[in-house]
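Next come two complexes, and both contain chain A; in the first it sits with chain B, in the second with chain C.
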Partner chain A sequence: MTYGVRGATVRFGDRLALDDVTVEVPSGSVVAVVGGDGAGKSTLLRALVGEVVLDDGDVSAPGAEAIGYLTASAGSWAALTVQQNIDFVAGVYGVTGAALEARRSELLGRAGLADVSDRLSSQLSGGMRRKLGFSMVMVHRPELLVLDEPSTGVDPVSRIDLWRLVTQAAASGAAVLMSTTYLDEAERAASLVVLDRGRVLAQGSWDDVRASFTGTVTSGQGAVRPEWSWRRGRVVHEYWAEGEQPTGDVIAPDLEDVVIALSLVRRREAVPS
Partner chain B sequence: MSAPLLRAVAVTKRFGDFVAVDGVTMDVEAGEVVGLLGANGAGKTTLIRMLLGLLAPSEGVTELLGGEPDRERRSRMGYVPQGLGLYRDLTVRENLSFTAQSYGVAAREPGGALAASADVLVRDVPLGLQRQVAFVAALEHRPEVLVLDEPTSGVDAVARASLWDTIREQATSGTGVLVTTHYMQEAEQCDRLLLMSGGALVAQGSEADIVGGTTSVAVRTDDWARAFEVLDAAGEPVMLSGRAIRVADADPARLRSVLDAAGVTAELEPVPATIEERMMVLARGAEQV
Partner chain C sequence: MILKEFRELRRDRRTLGMLVMMPLLLLVIFGYAANFYVTSVKAAVVGPQASQVVALLQQQEQALGKQYFDIVVVEPTDTQADAEQLLQDNTVDVAFVTGGTPIVALVDGSNLFAAQSIVSVLNRAGDKVSTQVLYNPELKTSWVMVPAIIGLILTFIGTIITSIGLVKERESGTLEQLAVMPIKPSTVILGKITPYFLLASLDMVIITVLGMVLFDVPFNGSPFAFALGAALFLFVVLGLGVFISTISQTTGQAIQTAFFFLLPQILLSGMIFPLDAMAAGVRWIGYLLPLTYFTMISQGVMLRGASVASLWVPYLVLAVMAVVVFTGATLRFRRDLAPGRRRRKSSTTESEAQAVAS
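For the complex of A and B:
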């Protein structure tokens, strides 16, 4: 099965939140949506789960009973314990009795939360709370898993745990669409979608994105054209379009370089002439 | 040689029986960008609060600008907390003017990307721009030392690069910068790294120094889902990286026997660990103690 959106366009007033975005999410794989604040990541995810109605385009998703959706903010009830949170969600999906016992211990075991099952959600660390939220949306074994910034603000160790949980879900057949602001995390996904101001800057596997990048990136102590340059530690990287004659040492760009270069090009084009 | 701008000597902080910071010695010199890394609960924030004089150490000494971290020295420092500390119901210009007056310096006109939003309420400008406002506000009194908590969390790649440009300009003009980050790719933006785990400083120096001798094993196979499943079930710290799988701090022979038993054919290659993998190994070690 492949879920996703085709030609998705969403307007909020006169602002274009999504502009003709097409994303495919096949079963058994992780697709990462990456972009900064306001890029359109949450709108894309909400469109896929049916919380935002498209102004144009199509959505392909299973019914609500087969979707697991972790929102960016919420995730669990602060005044309930870890176990109560899981049991409550399980009840909503009609999972009870021995099936619930088995599923709960499996999920909490995987998330490393078995020892804190009686702790209130409000008493968990940020990383643990995110893992609880993830476990809650997994209770009913969803076919489509949609995760809005599961790892933002979570410390690096918990982030690795979350990434492992996401991978487990994909390995057992779920289609996973997750958003992230971390480019290094997006690089790990089978396929990535880079959004900037509602539009797709680049998409495909990291190899596809690299292959379709036609410009050249140089590295040096300073920039010849500061408006086309960005800092990487002690050096400055600079973008040269196809056909331009680069000055400086040509380097193999990483995802960070490619995203910045494409953003600069796109924003230059967006300025009305 | 002038005194370090920030310094901790054998600093320990206890809250009851809990040791939040355990015998840490570190410093930040003028003109350098030092990255402070560590999982939540590693002690980063407690250490920063002691360096700034907001919390008294149980043992050891901290120094700010060569002396006791008092109010006068704190006024020569710039601090951007993760929550940014802006007034959301004031405009960009009013925020900058308020901070400038608090420090008794002349307010600068919002320039660059801030010019167009000068009269917009802070709560109505995008997060990336709010971060720039917080930066400009923290820099108005030309601080000698700058402490930044997760400065680029949530902003897009272009805004992030521009913030790092500002940070580097400050360091070049002699300011010392201490920055915490959860974004491991940003470690390359720092001149020197400090890694905390369980309250202690466990490694420092370059990225290579931080990773130390830790190696990981890259597992390449056509059947990644199956390989992931069996290695995970065997309790290995396994992670996906594109179509490949990585196992931190693993013994290739042990992985081979797990994969063979499950009938999965794979190529195994030892590779240097990443900083994140090193942190995961440390965290696992702490749990087992």
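For the complex of A and C:
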């Protein structure tokens, strides 16, 4: 089964939040959505779960009982304990009795939260809270899992844990669409979508995106054209379009370079001449 | 820093509104409504000499040049029991029973300020009139305040506590999570409101019993009549709480907005300043407020033992308010929970803009 949106266009007043976006999320795979602030990541995710109505285009998603949606905020009720949070959501999806006991134990065990099941959600660390949120949306074994920046603000160890949980969900057959600001996570996804100001700049597997990237990226101590450059650690990277003669050491761009370069090109094109 | 503060303030329309509206509101209220002196009371004259007594009262008032007793009932065939019924039904504030010597003046003590004024006026008549204050013989302020305070507490829970509870859900993002779950909007609304309804009801019982124990406030009427009025009133104030939550993004905004609803209810519902003594220009505001009608019911039932039938007007007004406010507010809340069913707005809403920015 493949879920997703086709030709999705969403306007908020004069602002075009999504512009003819098509994304496919096949069962058993992870699709990562990357992009800067205001790129339209959350709008895309919210459109898929029915929280935002499309002005144009189609949504293909299962019914609410087969969707698991983790919002960008806490994702759990602060004044409930870990167990009470799980039990409440399970109750909504009709998971009760022995099935609930088993599922709760399995989810909390996988998330490393079994020892803190009586702790209030508000007393959990940021990483633990996100893992709880993830466990809550997984309680009913959803067919479509939509995760809005599940690892943002989470420590590196918890990020690894979360990524493991996400891949396990996909391995068990769920179609996973997640937004992330961490490009290393996106590189690991089966497919990625690069969004900028509501438009898709690139999509496909990391290999596909890298192969379709045209132009050259150089690395050096300074930039020849500052408007086409960005700092990476102690060095400055610069984008050169096809046909331009690059100055500096040519490097193999990683996803961060590709995303920045594509965004710069898009913004350059958007500037009226 | 000062410039930054002004810039922030300019964009915080609620605080700005409060800064502008609050002084105006207080000026209007204390200028026109803050008046304890009742200048006119409704009166009934019954008994065989009713016509003569009416003529006498009118003669004296003409001599004084002002009309104090607004005589709305003159029934020579009625008895003292009929007069008491008129007071119980809140048809009049004072009833003169003629036929004996001296004339008996029955005063409705549940309308405290009117009663104090009437007693003061009748005392000047000396032995010609025997004054009896019913329903609050010692004219205790606590007796009229406790029934009103019950309404105020219900208003507090219904508007402030309910709106905070709902806005917290929005602030934490769990409302959006609930919206995606296979749970009906009506179930979410019912689940969110029922605990506040029950807690407010429990609070009401506690305050009523405490008022009776601590201040000896009587409960002369039917508990059913009281509960019916309280339930209708609760639906109105819970509806207000839900409505406030739909126009507030943060807890602070909800409290600010709820304050706007709460303050006029305290000052203009007749709870502190008698409605009859207010200038007509502000009195009509009092008649738009639900607490005004709940106070009529609670004071009527507790002190006068009034029946549902005799209080049909406040019951009817509260019922209409409950249907309009509660339905409107829950529909707005439901719209937040089921965006797919609503028509898209042409302009960017605050929450949508925030979502796009993230």
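Here is the rule we use: the second predicted complex is superposed on the first by the 272 of 273 C-alpha atoms of A that agree within 3 Å, B and C clash if a C-alpha of one lies under 4 Å from a C-alpha of the other, contacts with A are read in each partner's own complex, and residues count from 1 in each chain.
Operating definition for what follows: contacts are C-beta pairs under 8 Å (C-beta built on N, C-alpha and C of every residue); 3 or more make two chains touch, one makes a residue touch a chain.
Bear in mind that the values here come from a model prediction, so they are computed numbers and not experimental data.
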Chain B versus chain C as contact partner of A:Asp37, first or second or both or neither: both
Chain touching more of chain A, residue-wise (chain B, chain C): B
Chain B versus chain C as contact partner of A:Trp77, first or second or both or neither: second
Touching partner for A:Glu256 - first (chain B), second (chain C), both, neither: first
First, second, both or neither for A:Leu264, with chain B first and chain C second: first
Partner chain in contact with A:Ala171 - chain B first, chain C second, else both or neither: first
Partner chain in contact with A:Asp155 - chain B first, chain C second, else both or neither: first
Chain B versus chain C as contact partner of A:Phe12, first or second or both or neither: second
Touching both chain B and chain C, residues of chain A: 37-38
Chain A residues touching chain C - in the complex, by the definition given at the top: 12-15, 17, 37-38, 40-43, 46, 49-53, 55, 63-65, 67, 69-78, 89, 92-93, 148
Residues of chain C that touch chain A when the two form their complex: 172-174, 176-177, 179-183, 339-340, 342, 344, 346-349, 352-353, 355-358
Chain A contact footprint on chain B (complex, rising order): 37-42, 126-128, 150, 153-162, 164-165, 168, 182-185, 188-191, 224-226, 228-229, 232, 237-243, 275-277, 279-280, 283
Footprint of chain B on chain A - complex, ascending: 28, 30, 35-39, 125-127, 152-160, 163-164, 167-168, 170-172, 181-184, 187-190, 196, 205-206, 230-234, 256, 259-260, 263-264, 267
